[in-house]
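Here the chain labels run A, B and C in written order, and each chain numbers its own residues starting at 1.
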Amino acid sequence: MRYKPWHALRSPRAVSGLAGVLLLVFMMVFAPHLWADAASAANVAERLQRPSGSHPLGTDQLGRDLLARVLVATRLSLLLTLGSTAIAVCGGVVLGMVATVVPRVLRRGLTALLEILMSFPWLLLTLFFTVIWGASAKGALLAVGFAGIPTVARLTYTMSSSVAGRDFVRAARIVGVGPLGILGRHVLPNIRPVLVVNAAAVASVTLLSFTGLSFLGLGVQAPDYDWGRLLAEGVGKIYVNPVAALGPGVAVLVTALILNTLGALASEAAGRTPRIAGKAAPRLRAARIPASADEPVVEVEDLRVSFPDGSGGLVERVAGVSFTIRPGETVGIVGASGSGKSVTAMAIAGLLGPAAHVRATTLRFQDIDMSGEPDAAARRKLGLGLSVVFQDPLTSLNPVLTIGRQLTEVSEVHGDLGRRDARRRAQWALSLVGIPLPARRARQYPHQLSGGMRQRVMIGMGLMGTPALLIADEPTTALDVTVQQNVLRVLHQARERTGSAILFISHDIALVSGFCDRVLVMKDGLIVEELDARQLDRARHPYTRALIACVPHMTTDRTRPLPVIADFDGSEDAEEIHA
Amino acid sequence: MTIPSTASIEPSASPPEGDATRRRGRHLPGLSPRLTFLRRRVIRVLVSLALVVVATFLIVHIVPGDPVRAALGPSATPTLVAHARAELGLDKPELQQFADYVTGLFHGHLGLSLQTQRSVGTTLGDRLPVTLTLAGVAFAVAALLCVPIGMLTAVAVYRRRRRWLGNTVQWLLGAFIAMPDMLLGVGLIALFGITLHALPVAGWGTFAQLVLPVVALAIGPMSYLARIVHVEMLSVLETPFMTTARGKRLPAHLRYLRHALPNIITGALTAGGLVLTGLVAGTVIIETVFAIPGLGTTIVTSITAKDYPMIQGVVLLYASLVLGLNLVIDLILTALDPHSSLLEG
Amino acid sequence: MSHTLEYDGLSVRYGRGGSAHQAVDDVSLVVRPGTVHGLVGESGSGKSTLAAATVGLVRATSGAIRLDGTEVTRGTAGRRARRRIQLIFQDPHSALDPRMSIGTSIAEAMRASGRRRSRVERRQRVRELLELVDIEPDRYREPPAGFSGGQRQRITIARALAAEPDVIIADEITSALDVSVQGVVLNLLRELQSELNLTMLLISHNLAVVRYVCHTVTVLRHGRVVETGDTERTLSDPQDPYTKALLDAVPVLGERPDWGSVA
């Protein structure tokens, strides 16, 4: 499916933006012809009049109609704005791109200079340049334009170097594409959308700067006039006729808003990537798992979770899942990315974002209904009894709070422990997950710990209460294999010590089989098979068999090609497309 | 007001991804990264200051034509012009002029105004407190208001409750950002000064005279900062550590104030630094609108009158203000941010 | 098409003075013609840096990299030789220019072959290459966004082949892919290698992948060579404790590791 740009033009914002542009262009081209006479004809008899039917904004001290003057001023105001924007954008883009390819020493110098220039406000730079080029329309055009160059250059440089660091540019460098080729073929096309968005923003700021300069008497000089001059003249007579000052001001405001709308439209268009229609998950019958005799920790029946797809509809990511977890049991969910395994786990924890639509016949943790908003008592119970370990331990710990703080607050909020007791408990939990010198570590911040240690802290956080369920969502995927073992051991020991059940999510079936009692295999939002972890060789579903066979392991026959999923279920393209 | 660029994509460092080399040993073991960062910043400010000194010195030399003749007008007698030239030191060799200029700066001599014949230093000394008060009060107002507004609208939008309110406020903020300072000023004068007769519209000295200029000056930056806070807050709300906090079932005030707020402070303060310097510059316009005798009106009148010694002095002062404020913001940032993501740059 | 890639005491250091970090430390190894050599290591082992140094993306601090005896890190001759080494990246989503059609991306790589081709010849060659990696040749005009991760990785393989390289370096090419499609890419790589008799350096943290694809293997740790030798023998009878630890850490299907007891 290809993205059709004209579709974006249907929104109310797009309509108003385009109407605004048409209005501006019309005024720029025709206003001087239509109202030039009214704007310049002096009529001393009617000087300094308040607004009336024949002069909606009143007249100035020579009796000229102010509305006509505001409309006629559109041309000069806009031409100056466009001129300066062109200077700022062209100069900035060239300078920014050059900075990306010049040798390192030059590049350092250039970026340092840009940083310094950028630390001065635009208006100040403009005033400085005005001193040089003089208080005139031409001087202001150059001053405002040049003052804008550093901002654009810096933006271009940052974006270019981020694009230049990406693999496809490295690939081009490896095959011998030169610096100019890289800039022209790869960098410019990739930064163009953002540049367009920013050009609109620059134009808006430019307009305001011009108005400011003319207002201060440093821009356009009499007998010419732009909105800034009219504003200044109006302010001089504000006691006679306040509207005289507001009129040109409103013209500036409306134009700035139109420019901002254009920028927003451009960024909308730039942000839209070709969309691939979400595959409707096939409605297979979900395997029903019989509930066990003792009271389960987690009970899920016909869980369905959907998310907005961005064009008003909903995509079902979990399509009717049912299972239970008994106390102390270790259950694994295996599946490819996009199979709905994490969404299922987060639904049980009640931690899906507000965008998710969760429906289920039953969705319970102990006796708490997780499909609704928990009350205070339920929150307390959840805070102490259910904890979650995420894939990336660096981002799942708060970077600005100490490890100790993040542990103790669980007990302080829910467990009614005093600060000192909570601190003691935190040290106990940290030593339990094998962190040496827990008292010292508790005072440190997450970035001072290694990846494996952070993940152990996350597990320790769950031990602050009386855990009944620990959800581990790909807890070792971001870690090295040798560290992975360590973290799994800690997880295992935590379970042994507390009797907590574990829900273990992973894409690695070998890992899950070694850790769990029971394995659920998920595909396209459904559980396709449930297995005893010790009897994976009895897997019946083709997808499970494929998952087991299609990854090489340490005993794979090296003389034969690996089986692929298509060999098992005959589907043409079993992979999901990631847009 | 001037809208600073918000792009924050940093160029990638040289080590390829995949190897976790970046986080190891990039700083001298003896010197804390914080100090390294500060040292770099101080050096930058000094270099900037040197550039500003050179630039202000050059003003008189790169202006096309004879600056003295331009300043005194065509009617001035040749003796008067020659006298003024000597006063400015323009009859000496250029290197000598620069040396005199710099030594003068170190002794606090900024020369005499061509217009009033008063010492530039004294004039600026009189006007500086006015501008500082105006900008300082406006910044305080903006800083105090932006955080609650930005956070509340972000939470409303994120939780999909009362979204219309959040969106309306956001739209209003957008309009305020696009509004030129002088229009705000004029609107306020028209409404409170002329129609309601509630507040004085010009002059300086009383509290009542402070109200309208401060409001006119603060609304734009406040809106801009509130937007930054809003965006930062939204992205913080999406982070895994906020999910962890929700997983701990912490009450809302702890999640937002203890977990989210410190994480948006860095971004907000960085933007705040830009806004503060923009605000200092914004005084130029507001002072003119409200006829306040500060640095802003001084720079405008001196440029119009081509009073070069005064221009040099006031530009130098403004630039030093901006650089000083930047340095202060950097100091606060390093003190606040234990994670020091800044230091990686 | 038999070429030798040789590393002789290669060292790469990032930074200077006290903040320096030795990413690759005196590494020597030989990739023999027509074979696949595996480079195994965890994060921080320097394996990606080694790849980047080979194709000239980072500068070697000391030591030499030779392709058929020509030093590739220095001089114009070296630069020319370097183009005969192609790198396949880990993340197929960032390895293709999102604003360029896949056909153009592949055609761009042909310039490294040093052969002059007309527009028609280039298009013909693009189609052949796409066919070779099992991508519908008629889709050459499409941007990468329409392809899945596995398909994109196959396209980057086609791009590497377009340069007609003497040596291919594959840097973690399956680790960003879903398990369900890793097999497809590995099969393709093995097929191409034996069909075209390619010389290849395969970098991976996954011992099973290395074992499946490579003839010989080198284990890296903190930038240093820990062990090197024939794949089968090294992995079945490791000499170095680190290699042993790595092997022990590999999860085995249905096998419960010894977690130890709490008591």
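Basically, a residue touches a chain if its C-beta (ideal position, glycine included) is under 8 Å from a C-beta of that chain, and two chains touch if they have at least 3 such contacts.
Quick caveat, the model's predicted, so the values are computed rather than measured.
Just grab the chain with the largest centre-to-centre distance to subunit B, centres being mean Cα coordinates.
Most distant chain from subunit B: C.
Average the C-alpha coordinates of each chain, average all protein C-alpha coordinates together, and give the chain whose average is closest to the overall one.
A
Using the average of all C-alpha atoms in each chain as its centre, how far is it in Å between subunit A and subunit C?
32
So, what's the distance in Å between the C-alpha centres of subunit C and subunit B?
50
Rounded to the nearest whole Å, what is the centre-to-centre distance of subunit A and subunit B, using the mean of the C-alpha atoms as each centre?
Spacing between the chain centres: roughly 28 Å.
Taking each residue of subunit C in turn, which ones touch at least two of the other chains?
Residue numbers touching two or more other chains: 43, 57, 90.
Which positions of subunit B touch subunit A when the two form their complex?
Answer in residue numbers: 1-5, 7-12, 44, 47-48, 51, 55, 59, 62-64, 158-160, 174-175, 178-183, 186-187, 189-190, 194-195, 238-241, 243-251, 254, 258-259, 262-263, 277-278, 280-282, 284-285, 288-289, 299-300, 303-304, 311, 315, 318-319, 322-323, 326, 337-339, 341.
Which residues of subunit C touch subunit A once you look at their complex with the stated criterion?
42-43, 55-57, 82-83, 85-87, 89-91, 93-100, 105, 108-109, 111-112, 143, 145-151, 156, 159, 163, 178-184, 186-187, 190-191, 205, 207-209, 211-212, 235, 245-257, 259-262
For the complex, give me every residue of subunit A touching subunit B.
112, 115-116, 118-124, 127-128, 130-132, 134-135, 151, 154-155, 157-159, 161-162, 164-165, 194, 198, 201, 204-205, 208-209, 211-212, 215-218, 231, 234-235, 238-239, 242, 245-246, 249-250, 252-253, 256-257, 260, 349, 351, 353-355, 374, 379-380, 382-383, 386-388, 390, 392, 395-401, 406, 409-410, 413-414, 445, 447, 458, 461
Which stretch or stretches of subunit A touch subunit C in the complex?
Listed in rising order, the residues of subunit A that touch subunit C are 166-177, 185-186, 189-190, 273-274, 276, 336-337, 480-482, 484-485, 488-489, 492-493, 496-497, 507-511, 513-515, 533-534, 536-537, 546-548, 550-554, 556, 558, 561-565, 573-579.
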